[in-house]
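The data blocks that follow each hold one structure.
Below are two complexes that have subunit A in common, paired first with subunit B and then with subunit C.
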Partner chain A sequence: MTAYIIRRLLWSIPVLLLLTFAIFALMRAIPGGPFDFVGDKSLPKAVVQNLERRHHLDWPLGWQFSSYVLGDDITGVICNGLSFLPGCDAVQATYQLGVSQGLIRGDLGMALKLRGRTVNDLVKESFPISFQLGIISVAVAVLIGIPAGVLAALKQNTWLDYGSSFVAVLGLSIPNLVLGPLLIWIFPLTLGWFEVATWGAKPPFTLGLFPTTMGWKFWTHAILPAATLGTGFSAAIARLTRASLLQVIREDYIRTARAKGLKERTVVVVHALRNSLIPVITVLGPLLAAVVTGTFVVEQIFGIPGMGKHFVTSIGNRDYPIITGVSLIFAVLLVLANLVVDVVYAWLDPRISYK
Partner chain B sequence: MRVAKSEPKQQLAQQPHTVRKQLQKIPVWGWILGVLTVLGGLGACNASLSPSTTGAIATATTVVTPKDPDTDRITLDTVIRDEPPSLDPALATDSASIFFIRQMFVGLTGFNQDANVIPSLATNWAVSDNGLEWTFYLRDDINWVYRNPDTGKFTSLGAVTAHDVVYGVTRTLDPRTASDYAYVTYVIEGAAELNTANPQADNFEELLAGLGVSAPDDKTVVFRLKKPAAYFPSIAGMWVTFPQPRAAIEQWGDAWTEAGLIVTNGPYTLRQWDHNASIIIEKNPLWINANDVQIELFGGPIIQEASTAMAMYENNQIDMMADPGLSPPLLDIERIQADAHLSRELYIAPRLCTYYYGFINTKPPFDNPLIRKAFAAAIDRATLIKDVIKGGQRPAHSFAPPGIFGNVANDMDIGDYLIETNYADQVTQARQWLAEAGHSEGEGLAVVLRHNTSEAHAQIAQAVQTMWQEAFPRAQVTIEAQEWAKYLSTLNPDSPDKDKPNIYRLGWCADYPDANNWLNDVFNSKSGSNYARYNNPEFDALVEEAAFEADPAKRRELYRQAEDIFINQDAAIAPIFYYSYNRLYKPWLTKVVISPVIGDPIAEWRIDREAKNAARGE
Partner chain C sequence: MAVVEQASKPSTVPQRRERTPLGDAIQQLLKNKLAVGSIIFITGLILSAILAGFLNGYFLQGFQAELDRTSQPAYAKQTLQDNNARPGEKSENPNLQGFVYWLGADNLGRDLWSRTLYGTRVSIAVALVAGTVSLIIGIAYGLISGYMGGRVDDLMMRVVDFLYGMPLLIVVILMQVYFKSLQRRGDESGLVNFILDIDKSMGGMFFIFVVLGALSWLSMARIARGQTLSIKQKEFVEAARATGVKPPRIIFRQILPNILGPCIVQETLQIPGYILTEAFLSFIGLGVNAPTPSWGIMINEAFQGLRSSPHALVPPAVALTLTVLAFNFLGDGLRDAFDPRLRRT
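== the complex of A and B ==
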């Protein structure tokens, strides 16, 4: 098992590198550059040149990638040693600017449009907030979704089943951008409960991720966005749990368990539920990776300074390092989440094993 | 599109559509807030926006310690519509950044509420007879200040001198600073050469030394210009020419604008900047007019969603819906106007921007001025504004909007064919022009109208398409949308005409309030912003002469003639509307001074603290 995990992790390195290059190249292939315009105005060529020089955008693409991954110093050393390589004159002229330490040293580069800010800074201040919101929302989703699904499956074709189906379909079909403002209207504006917007924790964070205090103040900010995000997911999880449990409950080994005279609760919780969770876990892994890296709509509505907006705005701004950086973080989390899911499979279903 | 952006200036120029776009996303708000109206009861409303006069009384204290906790301090709460990309005067490009910079820094000149140039750091200035040498005389009682983040104490770091101005201008133009807006100062001798130089070049030091700005003594700054520029005092009020604190910048590099490091010279300084989350500025107790500054703290969270900000406003959490925050959502305007309280909190202020449809003047069939005039005339601007845009804007019939020196917005002889009282007359005239051009009823015309992707621009384009189709039934008008960056790169004057549409939409907002920034900077045939590829030597000569002319009356006349050629004769573009901007201010803001140049002077505002606390139940 350990060998399997290590092998998977090692394999993910080339995958991530390839992905980085793909985003890196694709972003630069989109017409228009980060410094083509300021608002409705185009910039003179000389000004664009100054800006591009500052960020090595005047280098050939290959060398830019080298700087991104290996850092300016190593790229400079390569070019000084192998100065016959094409484009090395450009590199030699400006590698001393030290724009990038390189991915290998954990540097995600400088933001192009936010002067003097590094992508690491942006991630450090925004990821923990998205992470907190994401974890709370998924917790909400699981705590509501799984019991609701189980209940619906066990009381199949009763009013409980229909009721929970109805609520689930409703939850699935109300988009966040409707539910969010609706909750704002009901709670802070009408009842005076909770906060309209903003987040209740700010840097520095405990362990770089968690709020330093989680008192009532924190929850007045967290409850509404977490509910907005969580209800949609909980509806999906409930439907999935119900369907899966209905199938498992008809299996032979459940009939055997009942025949042995086990209590119904034991049958459901120990034997049926555990196996029926496999599809739920399959969905939950990638969902978690997606949610903790930020959700644009909910963060916008509730004015939460999370990472979601960087995924969206950096593309329009052509802020190459930001979009590459946040995508890379999402990819790493996705790889890890899938790995965890695979490991959990083996625990849930003894028939699955890895060598 | 900030989207923010970041909004850069685009935040300005795209204001109507960003707001609208968000509303398109949240149609439920209209309904929700409609219900809210019933709830009503948002406090007594008795706002008055009184004009103000700046009384420059110098009373400098030395070191002041704030004694009270923040709850006791007079605070003006707002939201901020986006993370400022930079609070460095050399680097800022977007209106949110510039707004804060204007509270925290002062330059040689400033602007009053009519967008006229007024003294600021410089008390007076003079120009040499040949118009090439501008001398600014500085006051010596404005200090650099630093706020210690731990103790909250303000320390004076000495007077702002002429050398700080020289340093600031030089730093802005240094190619290593890579300032986006450096080019607006290219009129200074040696500026373009320095800014376009390679920092590794051998003669780089000479170029730095050769820049035409110098400080013969601590209180005098001399600019040598490449060519006479009567508008130069406006340039001296732009943030990129502000004095900059050399010691702090050299010590901290790019990070010098962070709270706790920044050194400023204006009525406020930066107290707190949680990136992407919130900004608070604090009154500078050492400011020359500190006794006249009532509001001690100003700022709030960064919120990008207009409907969320509106909810906070109605919940009394913020005091205003205006710069540097968000305008009230357009979808809410009708409700606001109908509401007894909210309607009295609503103000419409002009903004120095013009929304226009440009014609690619070199691409057939729009190389024919008759066809351009016909299409420009067949737009019913009043109906468009009333039914589609709904922001109370003013129909445009010239390029430079009201408030800009040299504008002709009140001269109805310019562009009269665009704003006839009876729209039917415009159509009749337009049909006649098309017939003269050999395209009766639009026969044989296939026109492409392109806009950058946005719901608001699309709605305007569809309305205009309908108007054209009605006026010229046999013309074929196609609408295309393109993503912003690609849109601009295709429109660039250097891109091939074959990739371009016939007609494009854009807005232009003032960098400095002078027609030179409009007619000359945009549509001079040599301009890089001349997307219309307009080229008329007569027009070029007029706007260049106007830049040289020292006599304001003659300059105005030259710009009038230029607009006359540009609109009446050539119809290079079809101006649609001059921007206006809806704002909401709570009734307890007893004095609000609005400046059409970005950066309303918060230092001159007044707030009734008791009324605010009462409304908040505190």
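== the complex of A and C ==
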């Protein structure tokens, strides 16, 4: 199992590098640069050139990427050794500026527009916020979804079943884009409950991820976005749990368990639920991906200063390092999420083993 | 044998209607009230997308002449006196005397009924085009991968797995930014310019089709491959191969018709995703070009003015939710009807 996990992680490195390069190149292909201010604020040409030199934007694309991944010093060493390579003169001229330590040393580069800030700083501030939002939403989804699904399955074809199924379809179909503004209209604007915009926890974070205090103030900020994001997921989980539990409960081994006189609760919780959760786990992969995407949408709607918000702002600014860095982190998250799901899957279902 | 038996006693046994799998499935689908309702609703949406020119508020209330005079389409007609008009309010513009804003007006005094109506065009177009593109690419990819098997299959599925692990929304956003800024610069020549013109004439929809279609075929490819693998094992395919039928013919005549059903069902379930992605892109200003109304843009505009005129949120929000709901019900219904294994649960 450990070997499997390590191999999966090693495999993901070239994949992530490829994605990073694609985004790196795509960003730079987009017309308009980070230092094109329009109108009165436009900078003199010499200043722009200097700024671009400062951030290695005058280098050929390949060398820029090398600096981003390997760092300025290593790129300089390569160029000094192999100076016949095209574009090496530009590299040799400015590699001592020390713009980037390189991804290999965990440096995501300098922000272009926000002077003096590094992407690492931004990520350190904003990632925990997105993370908290995502985790709370998943918790909401699981804590509501699974009990609702179990209940609907055990009371199959009663009003409880129909009612919860109907609510689930509704919850599945109401888009975040609708639910978010709707909740904002109902609660903060009309009733004056809860808060909109910003987030209830500020850096520094405990362990770099969690809020230091989770008092009422934190929840007034978190509850609406988490409800917006979690509703769809909990509906999906409830439907799946119901369908899968209904299938499992007809299996022979459940009848055996009942026949030997076990309490109904033991039968359901110990025998049926564990197996019926396997299909639920399989959708957790796509679901976690959807959470990552969802934080994007929800952060826009609720004005939460998470990574998605930074990403969209940086696109307008053409702040290349922020965009590349945020994309890379999202991609790493997806890779890890899929891996975790596969591991949990194997743990729940002993028939599955990875070699 | 059977024919002879039937012929010998024709009058005693009541004639049974012949049953085909397709007929069965359609009958099953028609029994599902929600699915039928969804079909009716979606048909209505398609009709209103086509007939938006005749169903908008101005035409129906006899103000087409006023639109022609100011040469503004119904979805972009601004009447600044009437900004944030409540539902049912009359216009205060002397040229529009007696015009009623059925669903109110937005902050620029644009009729929300007309804008929501024209908004169906974008959503329905995205649903149909992105759905078709993803269906075609996905099935072709999955068919080839599944039929070839071996190394080719491995390689092709690796590519899909690779793309599957990517944050596609980010790629979608970046591609959309790229196309948008190409358009803003607008000094391209030749083919690029031609494509930009197409996009402009479609109000910015073309690139959304491209982006969504290009990135949404992944799960379709997986399903098509899985189906192909199972059909490939069946005796009738083996028989065809044994009698010397060429692979292309086997693929198109034996396998494709058999995998098409599940693939279409799956595609229907994916359509809400396309509609929502378009709405989100429009919401953050990377979707269709203003003033083309998209529900996403309308929600964004209403959201900006939520404090002063919350009623502007209602029409696009309801339209978007109902549309997604309808496609979900239809997809569920199709799946239940075409996949009898799932029918019981």
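The criterion applied here is as follows: the second predicted complex is superposed on the first by the 311 of 355 C-alpha atoms of A that agree within 3 Å, B and C clash if a C-alpha of one lies under 4 Å from a C-alpha of the other, contacts with A are read in each partner's own complex, and residues count from 1 in each chain.
By our rule, contacts are C-beta pairs under 8 Å (C-beta built on N, C-alpha and C of every residue); 3 or more make two chains touch, one makes a residue touch a chain.
Since the model is a prediction, treat every value here as computed from it, not as a measurement.
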item: Subunit B versus subunit C as contact partner of A:44, first or second or both or neither; value: first
item: Subunit B versus subunit C as contact partner of A:173, first or second or both or neither; value: second
item: Which superposed partner A:309 touches (first subunit B, second subunit C, both, neither); value: first
item: In the superposition, subunit B vs subunit C on subunit A residues touched; value: B
item: Touched partner set for A:139, first subunit B, second subunit C, both or neither; value: neither
item: Partner chain(s) touched by A:301 [first = subunit B, second = subunit C, both, neither]; value: both
item: Touched partner set for A:36, first subunit B, second subunit C, both or neither; value: first
item: Touched partner set for A:77, first subunit B, second subunit C, both or neither; value: neither
item: Which superposed partner A:54 touches (first subunit B, second subunit C, both, neither); value: first
item: First, second, both or neither for A:269, with subunit B first and subunit C second; value: neither
item: Subunit A positions touched by subunit B in one structure and by subunit C in the second; value: 30-32, 177-178, 181-182, 184-185, 189, 297, 300-301, 312
item: Of all residues in subunit B, those that touch subunit A in their complex; value: 1-14, 25-26, 28-29, 32-33, 35-36, 39, 79, 83, 85-86, 88, 91, 93-94, 175-183, 192, 195-196, 200, 253-255, 257, 274-278, 301-305, 307-308, 311-312, 314-315, 317, 483-486, 488-490, 492, 506-509, 528-529, 531
item: Subunit A contact footprint on subunit C (complex, rising order); value: 162, 165-167, 169-171, 173-175, 177-178, 181-182, 184-185, 272, 276, 279-280, 283-284, 296, 299, 302-303, 306-307, 310, 313, 317, 320-321, 324-325, 328-329, 332, 345
item: Subunit A residues within the subunit C interface of the complex; value: 12, 15, 18-19, 22-23, 26-27, 29-32, 169-170, 172-175, 177-178, 181-182, 184-185, 189, 243, 246-247, 289, 292-293, 296-297, 300-301, 311-312, 315, 323, 326-327, 330-331, 334-335, 338
item: Subunit B-facing residues of subunit A, complex; value: 30-33, 35-47, 49-51, 53-54, 93, 113-117, 121-122, 125-126, 177-178, 181-182, 184-185, 188-190, 196-199, 202-203, 297, 300-303, 305, 309, 312-313, 316-318
